[in-house]
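Down below are the structures I want you to see.
Both complexes below contain subunit A, partnered by subunit B and then by subunit C.
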Partner chain A sequence: MLASIVSHGLALGAVYALIGITYNVMFSASRVFSFTAGMLGMLGGVLGALFISKLGLPAIAGFVLVLVCGAVLGIVTEIVTVRPVLKSIEQHLYVLSTLAFALMVQQVTAIEWGTEAQPFPRLIPIGPGWLDQQFWLPMLACAVTIVGLEFLYRRSLVGRAFLAIAEDSYAARALGLPEQRLRLASYALAGMIGTLAGFSGAEMQLAYFGNQAVLNFYGFVPVALGGMGSNRGAVIGGLALGLFQQAANFLVGGIFAAVAVFVVFILVLLLRPEGLAGAASARRV
Partner chain B sequence: MSIRRRQVLSGATAAGALSVASGLAKPAIAQTEPIKIGYLPALTGPSSSTGIGINRGTQLAVEGINADGGINGRKIELIVRDTQSDPTKAVNAVAELTQRQKVSVIWGPLNSGEALAATPLIARDKVPMLHPCWVDQLIDVKKYPMSFRIAPTNTQVGVGANHYVVDVLKLKKVAVISDTTGYGTASVETYVPMLKAKGADVVYSGHVDAANPDLKPELLRMQNAGAQAIMPWSVNAGFLSRILNTRGAMGWDVPVVGQTTLGSGQTKALLEKPENWNKVYSNNFRNCCYVNGKLPERAQEFVDRLRKAKIEMGDTLLWWIALGWDGARLLADTFKAVGPKAEDVVAYWNNLKGWPGVYGTVTWTPEQHNGFPDQEVVMCEVNSLRDGAFNLAPGYGS
Partner chain C sequence: MMDATASSPAARPRAAGWFARLEGALPWLALAVIGVGLPLLDDSYIGVIAQRACIYWILCAGLNLVVGFAGQIAIGWVALLTLGAYTTAVLTAGKATAEWHPYLALMASAVAGAVFGVVVGLPALRLRTFYFAMTTLGFATIVTQVALAWNSVTGGGVGTPGPVFPWPFDPGWGFYYFCLGLAALATWMTANIASSRFGRALVAIRDAEVAAEASGIAKPALLITVFLFSGALAGVAGGLFSSLQSYITPDAFTFDLSVLFFIAILIGGRGSIMGPLLGTIILTALPEFAAPLVAWSTFLYAALLLVIVLAIPGGIADLLDYKNRRPLQQHREIVPRPELLAHVLDRAGGPGGVIELKDIALHFGGVRAIDGIDLEIRAGEVHGLIGPNGSGKTTTLNVISGYYAPGTGHARLNGADLPFNAPSARAGYRIARTFQTPRIVGGASVLENVMIGGTIDGRGSFTESMLALPRHRRDEARLREAGMLALATVGLDQLGAVRADRLQHSELRFMEIARALMLRPAFLLLDEPAAGLSAEEIKRLGALIVAISRAGTGVLLVEHHADLIFEICDRVTVLNLGKVLAAGTPDEIRSHREVVNAYLGG
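So, the complex of A and B:
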């Protein structure tokens, strides 16, 4: 039982953490909470199965193509759903625009791909048991992503520019940073991370259009738990969520497992609205 | 010469009287014009696999009837409206078929979701309706006196599965699981009391989110409770395949008995190993199952006919094609016996007894418009699919 809780829980948690990071990367660049993160995750699985299983491309080529598609979708998201509403961000129109775009893409996927779950290929034929790729691939993807982002943000000039935009876009623009291009790049990066999440977790979750809503919600929980904009918080929150969810599956089971997740989520938000790793924001008076 | 208003009015009255008289005396052309059947299959969209299969049988039957000269010299005209698996489209199509096209009967919709939306409208327009949908509430002789079902109800499907587990396999400890959809939860709530009434001990019953990727905790609970059979109720191939894969990974040799999706190609595609499909039994229909490698005579003749007409069977199910064939043939037999008038059609159907279809034997009475016999709802071995048909599950007498 413990092995199953740890292997499944960490794998699921890594997928949730990656979706949480996707939310964060988009949020940091634009202050927009884009509900396309689940869509990107869903497409990671569907496009991976399409390229590798249906079109017969080599796994590496399929994987790279999935990331390219994710980047393109990220850019389209920024141009179509975020840029037009940035001027009136206080009206939260981005909730409608990003959600509508995500739902449209999901419907097109349902029509073109089908509404039945389809298998995702086993890329590395080892297992079964905990060596199976469905367990370690999401964790590996999560580790590579968090290390890569840390390196990008702390060690590279472009990464520092991303952070400057996230910190204060007006000041960054005043310093001559190309805010719009950096935002586009951030959305492309988020697109790649989102599709990576779906691709790495698709053997477990299958290539299924219905994963969008699940990933949208369960990917949001680590962001709320870990604090908006905190990637480390999203990873800790995601892994904790995965482990807790899997433990609840064993201990209470059925629909009560989902209820237990919601209860803990609400309790944490009540006790620490800024998230476990977030800092309470000071209000200027 | 000037024309006065009174002359115009009297002329119009005379013309009106003439047209009424000519309407009363039926023109000869009415006796040769085609008999219109409104047909509502879902040929596209998420629920279209059923409609595509049924459509092959319906089209083949209508082509055959018309090639043989039609019904008493009148051809059958199928007015097809693809519902696109969308209840709204089905409702719009009903309005067109009953009010503009003035069809004699409606065959369909072929999916319950669309039928739930369309049936009250068809009843309101007083058009006889024949459909193959399983939802029990679709037949109500008081609310829908012109609506008749040619297939089993959901209750009959559950009765068939429960009978197989308790009476044929002689297993008493049963686990019943569903996803959290309306269909899944309603099925568990309906079938669990039925199982208990048969003397079974339901050691586990629960609903699980179909998106949950790990069902091992639920199967461990079932195993620990001593379950001898698992009965899953879901149309979600991902959910069902996870049950079968988990059972295989646990090395648990327990039979799985349930809904037809257990035997679908989508479920098969998601299995980790082909052996995970062993000891899995899904609902099917006695006339369309192999017994000792052979189909019943009526079904074999039908399969020979399908082969001759080069109808593809490998990508669909035999009982879907047979159901489509039966629907069209039953309508043709009705028109041949009593003509296409609505009241005559309903009167004929109300007294139909033992109509011999390929898919099933149909009997209706004025009080009962569910026409499918309980004993023809059986279980089949899902890993025996050949030409769209399955072997009868072990344990039934041949």
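So, the complex of A and C:
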């Protein structure tokens, strides 16, 4: 039972962590929390199943196509829902515009793909137990993403430009950084990470339009726990959430697990709104 | 019942008063006639849709105060509908207790809704926007899951039968009139709140939270009251919904429903009652009359929301608000009438003493914003605070008005310590302020903006306002009169009915002073009131400030216009790098060598 809790928990946690990173990448580039994070995760599963199972594409081609779709959706998100409301960010209209866009995509998915959860193809037939794709694929995806992001942000010039914009977009623009293009690139990157999350976790969570709300919420918990903008915080928070959820699932049953996660989430937010690892900062007047 | 932001009858000339009132009441009359006359159509299908619209509106009326007025992004309000529905259904069916009478069970739903309204809403006191949206979303998910799992009470996935309300509101048109009556009641109550000082305070929290605090509006108490009220309405709506559905399962309470409520309000327009009401009716009816659209209804709502957010953020209410599209007079002049100050500042307790700052120091991280400041503001004097940018002027002002707690030092009012980190308590001490950038409610009228300043002088409770009891009406009349007087004093009385965001920058500065005067302040802190004003306006502002101080108010004037400072101040303090460089009379300062070198130039 312990092995099952740990393997399920870490795998689910990796998916949550990736969605959390998706939130973070978009947030860093624009100070916007976008409801499209869960949508991307949901689409990763649905599009993967569509390309590979339904259309019969080779797994690799299907995977690449999913990521491309994610990048395109990320760009559309930025152009349609973020850029127009960025000027008056203090009104928080982005909450509504991204929610509206995510709901539109979800509804199209529900109608075109169906509201039933459908199985996701097994790509690498090894197993059972730990070797099963559904466990190691999310963890691998998460590890690759976090290492890749660290490398991008700390080692490459483009990555440093990302960081500069995240720190102070006004100053970054004054330095002549192409803020708009970098933001667009960030959203494309977030689109890929989000669909990667969904793709890697889809054997566990199935290709299901309803995953959107679930991933939106459980993917945001690691961000709240780890502090917004912190990818390492999101990974630690995500894995902890996955383990906690699975343990609670086995020990007290699914409903109470959901209630427990919710209670922990609310408590952390109320007691430390800046996250367990974050630093408070506020000058309002 | 008036649209809260669109109109303010008293501000208009008397002669046109009855006509304007009729103009405002016309849409309501039309809706009432349609609502009461609907059974004449004798179409039970339309009846069901109308019942649903009424029930949804009962929930939306309350949610409107949360979303439209207070600006809290509560997207998971379906949770309270679910709760209300199950409470009524389960209590009536007698699954957990003895069988309750349906009407009694409906009341229990209201109570349950009110309690959980506060539970869902509570995080809003600390969390902002997206975080709060997430908590409500999470709550909506949890409630459905609990309904699914708590088999013995809710019937799990199989569900539970809804109650049948006995005579006189039995199923059919009887039940319709029950829903319609409750919807009308909900409309009336929320409209009363919207046009009361509580409604204005909610809007102030939404658009100008800092100014709301400075006016003495305590956000927690107000929001909790609103969550109680809104939750109770949602609970009632849930109880009625369970009867309408006749059989409820967790599937009936999809997130789509939550989206419908939320979007109906935003499409209607924030800070309006009529707009969201129309929004609710349209969104409820639309898919019913266009059958092929049913599957696409959520898509349509979402697309509509996107269009609204990007193209017409004001919603339907803005489109209907033709009065505020009438052109304003060009080349307006602000002519203050300081002679009215005696009435505005009419104070029973006499003028109030002195504020003393002693050795105040405040650091932001490693930055020493202010570093040991002494300052005295005396009643009846204008005290100038000048210095280069970053010398700590505004920070000092923020310490006095309670936004920051200094690391060391103390502030005393007539010898008693002023508490820090309590900005909303300052109004109680009659300390008023204005802001470097005017903090205003753009969508509300100028008069309403000014009336916000008098919030703490209201006597009536939330309930009294909700039911439009005499004390509420007296409050409103008094605040309105005081607001007009304050506007006349600063020279803006012609613009009382105009939306504040249509004013020029200089007019907003005077409007902020009028709002501050509503407190009948013992002390008035002005943060660069002359910035952006013309030479003539600065002159009039100077005269007004002097008149305010001569009426017994202690004025602290943070300014960059040296001419104005030296002309009207009784004493001047010069800051540099967070320290007091010099203090004294204007003449002493003007000839102070270091001040001339550091700041004035010469």
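Some notes on this structure:
Criterion: the second predicted complex is superposed on the first by the 280 of 285 C-alpha atoms of A that agree within 3 Å, B and C clash if a C-alpha of one lies under 4 Å from a C-alpha of the other, contacts with A are read in each partner's own complex, and residues count from 1 in each chain.
Just so we're on the same page, contacts are C-beta pairs under 8 Å (C-beta built on N, C-alpha and C of every residue); 3 or more make two chains touch, one makes a residue touch a chain.
It should be emphasised that the depicted structure is a prediction, and the values quoted were computed from it without experimental measurement.
For the composite obtained by overlaying on subunit A, subunit B and subunit C cannot both be accommodated without a clash. When both complexes are overlaid on chain A, the residue A:163 reaches neither subunit B nor subunit C.
Of the two partners, subunit B and subunit C, it is C that touches more residues of subunit A.
Once the two complexes are overlaid on the shared chain, A:76 sits clear of subunit B and of subunit C alike.
Of the two partner chains placed around the shared chain by superposition, subunit B is the only one that A:118 touches, whereas subunit C remains out of contact.
In the superposition on chain A, A:12 makes contact with subunit B only, not with subunit C.
When the two complexes are overlaid on their common chain A, residue A:211 makes contact with subunit B while staying clear of subunit C. Contacts of A:4 after superposition on the shared chain: subunit B is touched, whereas subunit C is not.
With both structures placed on the common chain, the touch criterion links A:243 to neither subunit B nor subunit C. In the superposition on chain A, A:59 contacts neither subunit B nor subunit C. In the superposed pair of complexes, A:258 makes contact with subunit B and with subunit C alike.
The intersection of subunit A residues touching subunit B with those touching subunit C, taken from the two complexes, comprises 214, 253-255, 258. Taken in their complex, subunit A has these residues touching subunit B: 1, 4, 8, 12, 110, 114-119, 128, 204-206, 208, 210-211, 214, 246, 249-250, 253-255, 257-258. Residue ranges of subunit A in contact with subunit C, taken from their complex: 33, 80-81, 84-85, 91-93, 95-97, 99-101, 103-104, 107-108, 111, 213-214, 216-217, 220, 224, 253-255, 258-259, 262, 265-266, 269-270, 273, 283-285. Interface residues of subunit B facing subunit A in the complex, by the touch rule stated above, are 46, 180, 206-214, 216-218, 220-221, 236-238, 241, 249, 266, 269-270, 272.
Subunit C contributes residues 73, 75, 123, 126-131, 133-135, 137-139, 141-142, 145-146, 148-149, 209-210, 255, 259, 266, 295-296, 298-299, 301-303, 305-306, 309-310, 313, 364, 394, 398, 403, 435 to its touches with subunit A in the complex.
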